[in-house]
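The structure appears below as structure tokens.
Lettered A, B, C and D in written order, each chain numbered from 1.
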Amino acid sequence: MVAIAQLATEGLVKDFGGLRAVDVASFTLYDGEIRAVIGPNGAGKTTFVSLLCGRFPPTMGRITFEGRDITALPAHERVALGIAYTFQITSIFGNLSLYDNVALPAQRRVTLDGNGTVRTKAMAALDRVGLADKAQEIASNQSYGHQRLLEVAMGLALAPKVLILDEPTQGLADSEITEFIALIREVAEETTILLIEHNMPVVMALAQRITVLDQGQILAEGTPGEIRANAAVQTAYLGG
Amino acid sequence: MNLLDYLPFDLPHPALLAAGMLEGTVLAAVLALTALGLSIVFGIMRVVNVAHGEFYMLGAVLAWFITHTVSGIIGGPPWLGFALALIIAPLIVAALAAATDWLVLKRLNYDPEATIVATIGILYIIQQLALTFYGPDARPVEAPFDFRVQLPWFGYSGYKLCVVGAAILLMLIVWLILARTKIGLIMRATQYDRETAQAFGIPVDKVYAGVFALGAGLAAIGAVLIVPIQQAHYLMGGDPLLLSFIVVILGGLGSLKGTLVAAIFIGLSDGIISTLYEPTLAKILATLLVAMVLVFRPQGLFGARAA
Amino acid sequence: MIRSVLLHGFVIAALIALEPLLSEYHHGNLARIMVLAVYATGYNILFGYTGLLSLGHAMFFAAGMYGCALMIRLAEWSVGPAFIVGVICALIAGIIVGFLALRTIGVGFMIVTLMFAEASYLTILYYNEYTRGDEGFTIAQSVRTIAGLDLSDTTTRYFSALTLFSICLIASAAVVQSKAGRVLVAIRENEDRVRMLGFDPFRYKLFALILSAVMAGSAGAAYAVLFGYAGASFAAVQYSIFPLLWVLLGGPGTTLGPLLGTVLMFYLVDYASGTIMPGLAAMVETQFGIEAPGLASAYLLLVGVALVLLVLFAPKGLLGTLRARMIPWLP
Amino acid sequence: MATDDTNRRNLLKGAAAIGAVAAGSQLLPGAARYAQAQSSAPIKIGFQVHRTGIGAAYGRWYDRTTKAAAKLINDEGGINGRPIEIVAEDDGTDPKRGAEVIEKFATKHECDVAFGTLFSHVVIGSAPRAGELKLPYFVVSEGHHVASGMLNRYTLQPGITDVKSQVQSMAPWVADNLGKKVTMIYPDFAFGHDHRDYFSEAIERRGGNVIAKIAIPPRETSFFKYLPKIPKETEVLYHVMVGPGVLTFVKEMGEYFGDKRPEIFGFIDSLEAVDITSPGLEFLEGSHFWEGYPRYAGKDQSAHDKFYREAVGVDDTGASLSDPKDVSTFAHMFGCWETLHILKAGMEAADYKGPKDRQALIEAVENMDVFPESRAHPQGSKLFNGRTHQAFGHQHISRVEGGKLVPVHKTSIFDTFYEDETDYTKMSF
């Protein structure tokens, strides 16, 4: 099937003071794929992804989504277009119930689509991550793993076109990770997944293509097999 | 075509400008002295201490009690009573602040919202106790020394110029403590990251009590220095509180340099603008100027830009 | 949802039923408390629900008060249209301050609102020949009528205050339980997350601030018309701190917290300054023989102690704690 | 007759004593207030006092003078055979609380009249409520707001003169004795503007003029930056500053001018409750002050003045007998003493029995016109204008000599007159 470019960047640069955190010549995310972004700590993964979803503007470069230039579009409008981001450091509504946490994105979806009810969409999202039975419990009382799953549920409730997951499996137990992989595979049928992950088994299990970032630049791109065999990647990882 | 006609004000007479600059500098010193304590408490503990003005007032009221009793009993020269006040008053206020921190703020785990409420409560308690024991009148405190400096246009109080000197000295001392001493290091570590500091065995709760006490003590020192050019009155805590907040936030959170620059900025702008316009109009413009700086530069002059 | 409609309906009905039973003293007090509770309800939408602590709400109260009172004094308008002008002035002030103050971050908002309020207080003083500055001016009893009803009459005043309060209570309950309300609460909890869920926090915060300003303004206009006085003291810092105290006592982020807080604080101050403190001072004199005249007037001491105890043992305010412990569905 | 008096006096002393105990035991609900059966219930006077807020320094002395006057009146048999009871409530020098306190007097304490407010914004904030509740409201302010007609028929100011008459009577003497070119420094709110406007008019009528008007913003704590605005050719510097900042103001004037300074004329409001010998005030030596009632009893002290000072517990320098440093607000507090006596005269003239006679009381007071200097009016004789509800009296000017305020001039009442701006007697009740 011909891969349609969904999200693309050209000459994307982000400077923090003197530091050039991101310097990506070009990057393309295809419709419906599961792409993983890996790289050592401080490679600029989160910064790069934050540029895609508009958390802060790039210093230079262009971002297009489904052919439309969204470089200047603020974050909340990119979400409306269908780009959802889940936080690396869990950022949920701690004092509110799980239901209230997912009801907000569900509400956004209902207003955008103009149909459906908040209750059904919210409960559906909680159900997909297996937290439906705890809907009325307060979010901050949940285990760290469940809070990570809540982050994912909030992304899902938006029913986005592109779901960006920033180290989602961090803090999950092994059993929860296997369930998570199954969930992502299921979600990938109707949503493009962009996954930042350190957990190599998860990357290898899920990713159809991998992009490796180092010091803000793309070191290599390819299928999991190509990446495992790539010498440059090994030195970057093993610190040659 | 005279350029001066296009200015939105008419040029002030040199004497007016000189007075404006002098008063602006003194106000800058006063602001720095009052805001210094808040800048440390706010900067390190991220806690809004609404009772800061009352610790300042307490310093002034205690200064009156001490100088009054000293001159009453020992009857020494004014500077003796003043020197004693400069030492004793801040210690009492610092001890009281440490007690309030231990009894109230620590239990609230320094939650920002709860501390605002608690310190409003403490504000009323200190204020009303001052009303009860000190009474409603404004009473003067004699300056340690009084000499008049004759300038070309007018005379000026020598003591006020010394207050400017004292402010600079105090800022230097506090900066040295923070930058060069072990305690300063511990305080900065706690400011940077409370959890990691705790991980390194720093007794964060004790440091917070110490910082809160130091903040209140500094406010009291400022008050003892300033009270001779104003009076001790139970309601005098209001304005210093507002002004210190403006200075600290305008200067940028947790930046001592920012506090100093903001104090100078507000002091001089208040002094100079007052020479260009009618007094009340000048106050309106000076207030709006400060607000606009915060609106168009939210993190303040020297605060780190929000990531 | 029905429970909250019933609850609010019950509160309003209770206030109506209470009217004939009240002594004239409590009549006058409750009329004033309801007007001030409108101010607190408006304040609560911004502070309790959206998490924005403003120290300058007195400027909106004063905008409403002067907008209305000056129309009566200078242009001889009748009460009805003048009241609307007052509310519009508060609306305009809300929009201007909103666009400027909401650019700030964190505690900056507190200072900027404080500064704007101080500037408006001084502006009222500056235009003394119209506003009579801090002295203020009275609105003649003869003029204070609406649709033939004399607003200085105790019962009419009670029911006009009640009408205004009911409108604002229902409006505030409707807003906070609506979709928009859910976003406001989310902004209070974690604004950055709300932005990443597709909402523009600025627009919602602006809406909350403007609604809050309109309610504060309507309270200011109502005070001028019902109690016949407008003065610059209502634009001073003290009147920005009052609603914060009332909402904190009653329960921030609850619809009925503001009313409860205003009632309790009013009677705490009233009894403390009238009976408790003088009694305490007299007792101290008789028991310990210490002359403490100041103690008799230090009733704010009780307010201070109440606040400290509140924050230590009931941080969410009375209704907030009630909601957390017993009635989770309390709006 | 003597025995009758002594009986009644002991009776009343008993009543007053029980009243004091009852006040102390207010905490005991329903304490038997008035043991004697035969003495009827007291006339309750609601006293609106500034116990807290910016007016607290005045409030303390207003309270003390009112208690002394009430004791005197009760010792002399009360009013219409009934003792008077002062029901004091703190209004925190705030217009909102003032209005609430008026309601409390009328509806909860069921007072016969309300009395005693000083600061004009509190008077104006409270007067509408007094009018609506039909509660006679005897204010002891200085504001011109009563005579301006802004308030209502229930609000009267018989015991103290208003700022317009005071300022107006100063102008002739200042122009003749101190100088024609005047610079005015005043607080930038209504009280200051009254001074600015009335003094400018009056001095122009006397051939002088005000060459500069400097308005100081409220809550200003340092005044030095405004002093260069004083023109060089100023002959008289007229200052009226209210609030705690005044000591700084005087000290800064001293530093600014040094020894070559224009004549200085101020209103004692600047230094009410402040000891003239406090440090930093040496600069005022030789300057002049308006005084409503000379703080230092002059050599020709009247017997009434002597009696008044003893009753209130104030010595010949205007300071408290118990603490010479505790100076009283002598130029204002006499208003309480005189107003209570006028109330007594009014109630007796109207044969006041209870709240239904309130209108008769107001009409009785409106019909009064002369208050001769007496024990009831130690400040001096006064003329009362029933139409504008405002009293007119002698004003005094004193000079600071050797750390004392020596009276140098006493104006005639005629100097203080101005034409009526309203006629309350035409208004309905």
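Here is the rule we go by: a residue touches a chain if its C-beta (ideal position, glycine included) is under 8 Å from a C-beta of that chain, and two chains touch if they have at least 3 such contacts.
Keep in mind it's a predicted model, so treat the numbers as computed, not measured.
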item: Shortest walk length in steps over touching chains, chain B through to chain C; value: 1
item: Chain nearest the global centroid, as defined over all protein CA atoms shown; value: C
item: Selected pair, greater C-beta contact count between A-C and C-D; value: C-D
item: Chain centre separation in whole Å, for chain D relative to chain A (CA means); value: 75
item: Separation of mean Cα positions, chain D and chain B [Å, integer]; value: 37
item: Rounded Å distance, chain A centre to chain C centre (Cα mean); value: 44
item: Junction residues of chain B, two or more chains touched; value: 131, 135-136, 238, 280, 283
item: Sequence positions of chain A contacting 2 or more other chains; value: none
item: Residues of chain D touching at least two other chains; value: 52, 56, 60, 188, 217
item: Interchain contacts (touch definition) - all pairs; value: A-C, B-C, B-D, C-D
item: Interface residues, chain B side, partner chain D - complex; value: 13, 15-16, 18-20, 22-24, 26-27, 131, 135-140, 142, 148, 150, 153-157, 229-231, 233, 235-236, 238-239, 271, 274-275, 278-280, 282-283
item: Complex contacts: residues of chain C adjacent to chain A; value: 179, 182-183, 185-186, 189-190, 192-201
item: Touching residues (chain side chain A, partner chain C) in the complex; value: 53, 55, 74-77, 79-80, 84-85, 87, 91-96, 100, 103-105, 107-108, 111-112, 118, 154, 158
item: Chain B-touching residues of chain D, taken from the complex the two chains share; value: 52-54, 56-57, 59-60, 188, 214-217, 219-222, 224-229, 244-245, 247-248, 251-252, 255-258, 273-274, 278-280
item: Residues of chain B defined as touching chain C within the complex; value: 48, 104, 107-108, 111, 114, 116-118, 120-125, 127-129, 131-136, 238, 242, 245-246, 249-250, 253, 280-281, 283-284, 287-288, 290-292, 294-296, 298-300, 306
